[in-house]
Structures are given as structure tokens and as C-alpha cells.
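Read through the structure below, which is laid out as C-alpha cells, and then see the notes.
Every chain is named by a letter (A, B, C and D) in the order it is written, and numbering of its residues begins at 1.
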């Protein structure tokens, strides 16, 4: 076998370039937990692009002036699919007025429905929500004496994730708890867009230490000016 | 006298066993970490993707990439590991977490729990609570025995939308420690200092049984 | 003249497109890696947990921890990644692998494939073949057109236990390149040098259609 | 919160110690692909212990004189659950004579049934085997026009895995393609035993680079005298 030097054409110039074909009505997955590990550059580009009627699958909805909150302010979001949508007044206003549709999903179910898509599994079974309103209309099935809900894999047009480092083949490494939903979403997107703090040449990352293999990533670019806002700054004294 | 929130946490900490992996919910449960007994090693799981949660960082050492499920800046300890949310809820669902401590608005005598939604109020979402209660092998609820109006939060059946069914094993309230019996019913095991069995009976709307060896709480 | 195994591999290599992720089965398919056209970059997936499979190692540089799905010692290339078997078959099942090339004992005119079991003989197992054929978006089969007795291996229906149904899209045999039509039937597109359409008709037991623009193979 | 220094009592002296309570009739998962990444020390200890009637869930069955083949020689295995069982004459003899029960499972299904157990999912859906004898007696379900088989999670008493490095908390890192089935099996065992080439103190491994978090590992020890036999030594000339 000859030496194969792969130079996949995945590298995009910037966020504007990477989200250029995301159009009104798209279904997006957006990585992050709270404001930790969110794709800041892509969100800014989507706000600038003023694309509308988006469905956003994301664990949270940002805060009023950061994260997905910025898209909510511009009324770009038709529907949020999340597990927790606390800290956001504009979100609350739009939800109560009926402008915004909200589907609340247990966090583990959210994660696992993303995972199912990435693994090519059409549905998974989870006990989360059994006996609650989350189970309404869903199939319940008993395995070995325990009830489980059948939950279908998500079907998103684009997955937009944030990683710490990435290479030109699309391989990704996340940092600390900024990993969260990003790896499953990266695997799940029909088109996956990854923004990274540092983009390095293929071969720079240890193949044993890659969290998301490049096959799942279709577009990658080095983001800039990361704010990485902290939601709850808690410290102890020396 | 009713326990303070700190005291509830302190009492729950006595339930920790050496080698336990523990998930602590937001609020009183978080405080449990302050009272881990001497000689007991536990590993704290944060469902956003960390095993081995350490204390809050020193001022100036906060790391925006390192938070807990309450979105607070935290630290790691030697032996910590990071993982994604699917693995995190995988370990929860597979019963690898030994103990889950969380708050509740209502608990029923069957062990049902309601802690995520009040009809008519803004609903923020269940977060990971439904996953935790559906899968945890051992759930302790930290809660006030009554609401601010003095009404019992330990009920024959929950009135609020449920988070999970037949899952709570133990309650540590400001007044008492109670087990939930497999066949249903609150079994009073310990009373808060200076709180009478009668007061607890009066403030428990669900079926209350009193253990033969009921005794005052120890800390 | 019928193609050699090397030539079958060479012809299949012409199906590769720039940027493809490709899984090559054991046998003739493995040889395809030797003929990747100039200017075409592909990444080879090995289902035991590697993307970016490189050539065999230099003598003395073998690494027991680094093998392919055929258990041969191999190497990595810049941009390679390792992952576990669940992720590996996850990417296969989710259709992330652009092309799968594998061998077959029989293929039916509906695209069914049999390549893992011969009744009465020791059965070694299907390995990853059933997963690959059930999920791959694009499957090319590399095979001999007939068995050693001269009997066609391109059949109306497979006689051997199936590996997968309605999955093969294209066959490159020693005699021909054939597409399998969505509605069933082998569509003859290219003939091996010096092999007549008549010979292929005669050696194809399943329904054969001849493309209007049938032509000799190019390499 | 105080500094929590965890010193879980997971470290075992050696393989003999770690497998001491594996008794006749146990259901085992054994990591490895071919002879790559197999738990050599534990296999040797199980042979020495002469435990019998084992069910072994493992992608392969070793070769005649190495890997699980060593247990087959001693007739310790009642049933093999594998995807490919090629290179083993004694295996063939026992199978043909009916001494050994063999269940062949598609490799991806094998991996995913392990994964399901580790993720607390009772079953998964996969298209592998649809229309084949693998589907016999199994539930078929159509999602969005495609048929899938319902496949149940494995239920093993012990998972025995091999990692490259591990720490005293049970965190594991694998090397190259020796990773294979080990991570899913590590997650899936009711009791998981990990042998590692190098056992290091907690805190020595980068928390971002751990493949198997310690919560899944109940016993860990540093193995010795690894042979790491190569099944197909293929090389190119300089």
C-alpha cells in the first residue's frame, strides 16, 4: 500500500463562510452546556445572516445577551428543543406569548437522541420520563421488569459544535466540561460544522487522543475572539 | 427545632459510604460536599461531564471551560475524568452512580417525586432530574417538610407534575429522616433535635409509620 | 481475457472519488489501496478502530497494538484517529463511510449478497460484513464471475445463506463491470479486455441487461 | 467544598487476585480484536484457576496456543459469543463435536450490545442481519422506511479488559487499535476488571484524555510479561 497523504477539503475561512448555506427553517444542533463550550463564532454569524424560523436543539438557550439568546433577541428561532431554559427573560417572553415553541426533554434523553443519530440507530430506550408528562403519546416497553420509553433519534440538518483543537482532517479535541454535548452532536449532523480555538495541520494531534474522528466533521475553521463568558462565577478564598 | 439547610446537608453526608460515586443536585444537595465525613472517600459526579469534582477555584483561577451542572466554576481533583453528556447519562442510566441527592417540591408515600414544574409558572425544564430519578439506585431527597404556608410536602400522592415514579428511597427534611417503604408509606426513623413525633405526624399528609427505634438525629 | 485480481482492484480504484472515506474488505478489496489514482485523496477506515490506515510497516517497525481488520500489522498517516468498535460501527451504520468494497461468494440480481457461510463447512463467522452491507451507502463487490467449476456466481437468487439483502450497487468481476438496477437485474456496463458480451451473458445466471453504451474497461 | 482526595480501593495485586471470585458458569466479556488488546494476564489466571463452563463474549476466540484459545484447550469454555472465530483448530474440533456452543453475531451488533449495557439501554436497533439467518426469531421494526432488528443488551457477570495505562481510580487509556472492544466492555461489566501495562497514581493522567472513566472499573492491576503476539506480521521493504 502506498503512503496516503489525505488533504480533505474541509477547512473554511471563518464562520460566515461555514454557515453560508444555512437557510430559513433549518434544524440545527448547537453544542454547549449553559455558556460552556458553545459555538460563539457560528452563533454570531447566524445572527449577522439573519436566518429565520430555526429549530435549535441545544441543552440550553443561552442568556439574554449571549449564546442562543442573541438569536432569540432577533426572533430567529421558531422552536427550541432543550432540557433547561432558565436564565433568559426574552426567551420567557416569547414562550409565554406563543411566539416561540419549546420542547423540553430530559437531559440524558437529549444526549442519547443525539448519540443515536450519530450511531445510525433510529431510536433508543430510556427510563427517563416514565410515569411523567414526558411519556405522553410515547411507546412504553418493559424489559426485565423495568419500563422504558422509546425515543427517536434526532434528525438535524446541521450540527454546529465548538472544540478546543482541531486539525485539517476534522479531528476534534475538547477541553474539560466544554466537551458536554459537542461530541454526540458532531457525530449526528448531516452536515457538521466545527469551530475550534486552534486549527492545526493533520498529524499534529495524537491519534489516540482524538475525541471526534474527522469523518464526522464536514467543515472546520479556527474561531476568533472567544469571550467564553462565565455564567456563575463561584470562587473560594485562599 | 427544625434543621437549617446546612444541617440537612450535614445529616445527608452521614449516608455517604467509602468509595461511593455521588451526584449532588442543585441547592441543599450541593452543600453535602461540605460535610463529607473524615475517612470517607467519595467521588462527585457532575452530569455535564465530570467525575471527581473539586472545590470552587481560588479567585482568579476560574476556568470558563470547567463548570458543574449548576454552571458554577469548579476545579478537578487528582483522578478526575471528563466525558461527554451521553457517557455521563450512560453511567447514570446503568446504575454506576451509587447515590443521588436532590431537592423536591413534593414526594409521595409511594416514592414519586415532583420537582420540576409548577403549572402556571414559567417552566425552566427538567434538566437531568428525570434521568437521575429514573435510573439512580439510591435516591435521597433533601427538602423542607412543609411549604411556606405550613402545608405538608410529603403527600399521599403528588399534586404537581411528576419528575419520576416510585424512586425516592429516603427523605431528609428539616424535621425528620424518613425511609420510603417498598410497599408505600413514610417510615419515620429520626427526628430533628427538639421536634416531636407528634409534630411530624401532624405535618406529614401521606401515610406515616413510626419506626420502633425512632430516635433523635445524630450529626 | 479475464482480469487478474490485481486488475479487478485496479478497476475498482477508478470508482474512488476525492474525499471518500472507504472501507476495504479482506482479499481483493485490500488490493484497491495499491491503485488509488493520482490526485484522489481517500481515507481508509478499518472497522477495528482506525481512520487513516497507512501502508504496512517497515520491517522491524511492526506494532502489535496497530493492526487492521484482517489482523495485519499496519501504520497510521498524518490525520489518523483511533476509536472503539462501537464508534467504528456507529460511523458505518450512520452512513459516514462513502464506499465499501468487499468480496462475495454469490450476488443476486436484486443486490443480495452471500459471503460468510457455506453449509457443511466450518463457519468462521460474519465478522463486520453484515453490519457493512446493511448500512453502507455504496457497496461495490469484487468477485470472480464464476466458481472454479465455471458456474455463475451472479444469480437470480443466492443459494447460500445471505449476508445482506438488496445492498450491492455494483460488481467488478474478472469479466465485467455491472450495476445492479434498483428494480433488479445486472446491467452490463463494461467488459474485460477481450471478453465478449456473449461470454458474459453465458456466464451470468441472473437477469442480465446490456447497457446501450457498453464498452471495454479502462484502467 | 473541601478538597476531596479520593483513594478508591480498586488496586489488586495481580491477575490471580483480580479473578479470584470468577467461578464456574460465569458469563465473561473479554476485550480484544484478534490477539490485539487482549487481557493476557487474566486469561492466564483463569487457565491456572481451571474455572469451567464459562460463557465468553469476545469478538474472537484466540488462536490454538494463545488468547482465549488457551482456555479452549483446557475445555473451560461452554459457549463462545463472537463475530469471527477463524484461526483455531481446537475450537473447530470442539464446535463440530458439539462440546462447544457457538453464537455468531455481527461485529457491530456485538459492539453495540456491549455499548447498550454500558449505557443502561436494554436494547438497540440495528439493520445488520436483516433478511439473514441472524434475524431468525428476532423482532423486526421499520423506522422511516428501513428495517431494523431489535437486539438486547448483553448481561455479563464480569468484563475483563486490557488497557495501556490506568490509574488507581480505575481511569483507563488504550493504545492504537488495541482499544477495540475494551471501552464498551469496561462500561458494560457488572464487575469490570482492567489489566494495564502501566499503573500510575491518580492525577498522573490528563482528565481530558481518559478513554474509560474510573467509575466503570472495579478492579485494576498492572499486568506483566506481555507477549502481545502478532497474528499477521505484514511488512514492506525499505
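The criterion applied here is as follows: contacts are C-beta pairs under 8 Å (C-beta built on N, C-alpha and C of every residue); 3 or more make two chains touch, one makes a residue touch a chain.
In this text, all values refer to a predicted model and were calculated from it rather than measured experimentally.
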Separation of chain C from chain B in steps, with touching chains one step apart: 2
Both-way neighbours, i.e. chains that touch chain B and touch chain A: D
Distance between chain centroids, defined by C-alpha means - chain A, chain C (Å): 35
Whole-Å gap separating chain A and chain D, where each centre is the average of the chain's CA atoms: 32
Chain centre separation (chain C, chain D; CA means) in Å: 29
Multi-partner residues of chain B (at least 2 other chains): 50, 55-56, 76, 82-83, 86, 89-90, 92-93, 135
Chain D, residues touching no fewer than two other chains: 1, 112, 119-121, 126, 174-176, 179, 207-208, 236
Those chain pairs that satisfy the touch definition: A-B, A-C, A-D, B-D, C-D
Chain C - residues contacting chain D, complex: 46-50, 55-68, 70-74, 76, 82-86, 88-90, 92-93, 112, 122-131, 134-135, 161-166
Contact set on chain D toward chain B in their complex: 1-9, 117-121, 167-169, 171, 187, 201-203, 207-208, 210, 213-216
Touch list for chain C against partner chain A, complex: 18-19, 21, 33-34, 36, 41-45, 50-56, 76-83, 86-87, 89-97, 135
Residues on chain A engaged by chain D in the complex (per definition of touch): 1, 112, 119-127, 143-144, 146, 148, 152, 173-176, 179, 207-209, 236
Footprint of chain C on chain D - complex, ascending: 33-37, 59, 82-86, 92, 95-96, 104, 106-112, 114-115, 126-134, 164, 174-184, 211, 228-238
